[in-house]
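One chain, chain A, links the two complexes that follow: it is found with chain B in the first and with chain C in the second.
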Partner chain A sequence: MSFLHYWRAMWGIIGRELWRFIKQRERFISALVRPLIWLFVFAAGFRASLGIAITPPYETYILYEVYITPGLVGMIQLFNGMQSSLSMVYDREMGSMRILMVCPLPRWFLLMSKLIAGVAVSVLQVYVFLAIAWGYDIQAPWQGYLWVLPALVLAGLMLGALGLLLSSFIKQLENFAGVMNFVIFPMFFMSTALYPLWKIQESSTLLHTIALYNPFSQAVELIRFALYGQYNQTAFIYTLVAFIIFMSAAIVGYNPSKGMMTSKKGAE
Partner chain B sequence: MSAALAVEQLSFAYGDKKALDDVAFTINTGECAILLGPNGAGKSTLFALITRLYDTRSGSIQLCGFTIKKQPSQALSKLGVVFQQATLDMDLTVQQNLRYHAALHGMGGKLAKQRIQEELERLGMYERRAEAVRQLNGGHRRRVEIARALLHKPSLLLLDEPTVGLDVPSRQAIVEHVHQLVQQQKIAVLWATHTFDEIYPDDRLLILHKGQIKAQGTLDEVLMQTATPSIHAAFAALTQQGGRE
Partner chain C sequence: MRKLLLGLGFLLLHVTAQADSVLVTLEKDNAIAIMDSQTDTLLKTVPVGQRPRGIALSPDHKTLFVATSDDNTIKMLDAETFKELGALPSGEDPETFAVSPAGDRLYVSNEDDSQVTVIDVAKRKVVQKIAVGVEPEGIAVSPDNKWVVSASETTNMLHWIDPKTLKIVDNTLVDPRPRAVAFTADSQQLWVTSEIAGTLSVLDVKTRQLLKSIKLTVPGVTADKIQPVGVVIDNAHRWAYVAIGPANRVAVINAQTFAVEKYLLVGQRVWNLAFSPDQKKLYTTNGMSNDVSIIDLDSHTVTKSVGVGRYPWGVVVKP
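And then the complex of A and B:
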């Protein structure tokens, strides 16, 4: 298979995903409404009760809305990663996954392309969210909006790979509600998205430890620092390693001899 | 004639339940093979193995000389598939669905456009290329799926009960079209069906029951092997012990 074949196939997969996203307006709107409610309602309500000390990357006292914006960006990517995996389970039940799996390209490449397509959609959502936040006076230095792009790509890849991994184990669409309860919510709430680590430590050492090692926290910190033009090496390495682990496991999960299809019974 | 599909000593089990047991057959280029079998005979498992949705653990499958397990990309590039389930994206147009498939097979824009036009025209669907698949009826959706499966000019076309749920005219149109393809394009076809009126006299029959090939050959050969007067009687004789349902 030539390089051109890979290139065309990848763009075909990305193009399809973007087009579907644009066509499904409800998905686009709900992806935006969720973080905006957190920003406009939740953060505004807690503004007075939560004081935020000066911690890097911030150089001055900040409002709570400013603090949670990177966390909400992470939330968009977390939900998008899970949404992509939901669509994989749906595609598998509906059969369109078969068309992808039967094309003459290695499975790891097809999964990677699916993942990149999902990341492209999430990056689009994030920039629209950041533009609205800008209008709400939550403004990072302009360079930050460029620096955040690679951080968004890596965070999106890691969260999308986690979604892919989950989708390789979820056999039916109905089981997906469990993912919401057991993956998305714990990951989100036990992280630095809503409150800084030092604040968590004040109330619970255990929660602090969980939040510290939660890959979602590291992804959020990577985004937070990048948005203010700074590079957080720990967060970068942690997110990268988490991505490699999740992706490798997902590839194994989708291997025809090990995962996904072999447990199918009674299809005829 | 060379073999488009060669299946040798193929066995497969779900746990300790055998779905295929030492299956062997070949389909040559320009040949239409009809795979008949009751529910639970192992047809879908066989298709899942040929399309590499399952891994071949015992035996081998070769497509145009490429072993599916060792050379999956080369083998799959020779294969066109119409699955039993509808696999088109309902929200996209006919053309977008086909372009997606063309991209997966590495076709450039110009070639894809040309091939899409050729295949849709052949099936009388070109005028409807800009319509969303959701707006098409079942028969037309099937035609689009056949056009899609042929875009990359495969050597072997797999059809898994493609006429299920279609009305008689739509079914006949698809049966005729596929047989024309075999004659004119010299493509090899493996067609799983429950319906005997889809069989043409020159077709090769493969009768699968309880994971084993019970008979294979032309209609006349199968009738001679089973000493029966019709395909209905032959099928009944070969599968009288009942399916696995």
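And then the complex of A and C:
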């Protein structure tokens, strides 16, 4: 199998995903509307609060909407990861997954391409969101907008891999509501996306521990630090390790001989 | 190699020589905090006396005056070494004072005695005590040395004192609880903050009448927290900045149109403000959060807040 073969397959998958994204304008708008409502409505209510105490990477007091922005960037990527997982289930139901899987390329490569395609879409969404936030006076140093790119790629890969892993469990599209209730919401709310760790600790030690070990928190912190031109090593390693674990599990999950589909079929 | 090292040494010396020092009085720590303006970090704190508040430099930047309220004196320190040079007879509980443009006199507000004490710096003696309204607080000398203005918090009045005769020439009523007063660099306008009214009054010095009253409102912050305190106007007369106490904000005001352009979030209970000598930075003392916020004046953004010690009150920047 030549390199060109791999290359074409990968671009085929990414191209399809980007094309889908651009074509589905509602999806593009809805992906933006969600975090923007959080920013303009939810965060606006807390704007009046007289500043959030200084925690790294911030060097001074910030308004709540400044704090929540990296969390909402994470939210875009989390929903995107889950959306990709949804589209995998849809593809499986429609039969296009079969076409993809019979392609004479390793399964891990196909899944990885699918994942990269999802990340590319989420990065696009994030930059549009950050541009709107800039107009709303939420401005990071300009270098931060470059530094955040690798952080977005890693966070996107980790959350996308989680989506892939989940999609290997979900058989039908209807089950996606469960993913919303049991994965997306707990991951988002029990993280540092909305409140800093010290604030969570004030209310509950258990919640603090969950938020601390929640991989989504670490992805958000990685993004938050990168946006202010700083490197958070703990968050980087944590996100990377979580990505490797989720991706490996997803690859196993999609293996017809060992995967989740087999065990589920057996259960039927 | 030696030349290179020497060169580096000179460069370092040059850089060090260029750094300004930000001097902050710490009301509760009985000390002055000294910050480096290049790195915006705390260098050290120096004990100075009981409850230091007002702080000012002599025009030649060699002497530092610090009102140590509970010692009932204004201390004179060497601005380089911070060694005490002497103490001035300020009267009871000095808080705010102003230095004359020539540096020969100090005008001190004596809140409890309702008077302004005029001190001859060279002789270290009281020249005169001028009776003013109840609780005088803000005080300023016009850069052209034609006026000394004292603001009485309870009388809600500005007293216009002629520095030659040391007599009150005129009085102007302003909004409740005038707190701080500042002249523009051309001595044409006087800006006054009113703590209870939440307003800023701009007066024409020639007529001593109100030019404009600016109401400060921070969206989402209740009116009782809008308590303007310190005010400064840049030399180019383009921007004015007002510390709004418990609102934790500094208002950025267009000094030409009098429009409030922005409210910048700083630390808690922001008292006083000071420009860097090049007027590219503004330093704020945040009394409750024990830090100093640094505002970049090109972008009008708060870049950093640095912990300095307990109850920072007054601030001055030494070139």
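One rule holds for everything that comes next: the second predicted complex is superposed on the first by the 257 of 268 C-alpha atoms of A that agree within 3 Å, B and C clash if a C-alpha of one lies under 4 Å from a C-alpha of the other, contacts with A are read in each partner's own complex, and residues count from 1 in each chain.
Here, a contact is a pair of C-beta atoms (placed from the backbone, for glycine too) under 8 Å apart; a residue touches a chain by one contact, two chains touch by 3 or more.
As the structure is a computational prediction, the values presented were derived from the model and not from experiment.
Colleague: Between chain B (first) and chain C (second), which, if any, makes contact with A:V179: first, second, both or neither?
Modeller: Touch status of A:V179: no partner.
Colleague: What is the contact status of A:L63 with respect to chain B (first) and chain C (second): first, second, both, or neither?
Modeller: second
Colleague: If we overlay the two complexes on their shared chain A, which of chain B and chain C does A:I116 touch? Say first, second, both or neither.
Modeller: So A:I116 meets neither chain B nor chain C here.
Colleague: In the superposed arrangement, which partner chain does A:W19 touch: chain B (first), chain C (second), both, or neither?
Modeller: A:W19: touches chain B, not chain C.
Colleague: After the superposition on A, what does A:I54 contact: first (chain B), second (chain C), both or neither?
Modeller: Second partner only.
Colleague: In this superposition, which partner touches a larger number of chain A residues, chain B or chain C?
Modeller: After superposition, B is the partner touching more of chain A.
Colleague: For A:S96, select first, second, both or neither according to whether it touches chain B, chain C, the two together, or no partner.
Modeller: first
Colleague: If we count contacts the way the header does, which residues on chain A are in touch with chain C in the complex?
Modeller: By the definition above, chain A touches chain C via 47-48, 50-51, 54, 59-63, 139.
Colleague: Under the stated contact criterion, what part of chain C meets chain A in this complex?
Modeller: 219-221, 225, 247-248, 265-268, 289, 293-294, 301-305
Colleague: Using the touch definition from the top, list the residues of chain B that touch chain A in their complex.
Modeller: 14-15, 17, 39-45, 48, 51-55, 57, 72-77, 79, 81, 83, 85-89, 91-92, 96, 99-108
Colleague: Which bits of chain A are touching chain B when the two form their complex?
Modeller: 1-2, 4-6, 8-9, 11-13, 15-16, 19-20, 23-24, 94-96, 98-106, 255-257, 261-262, 264-265, 267-268
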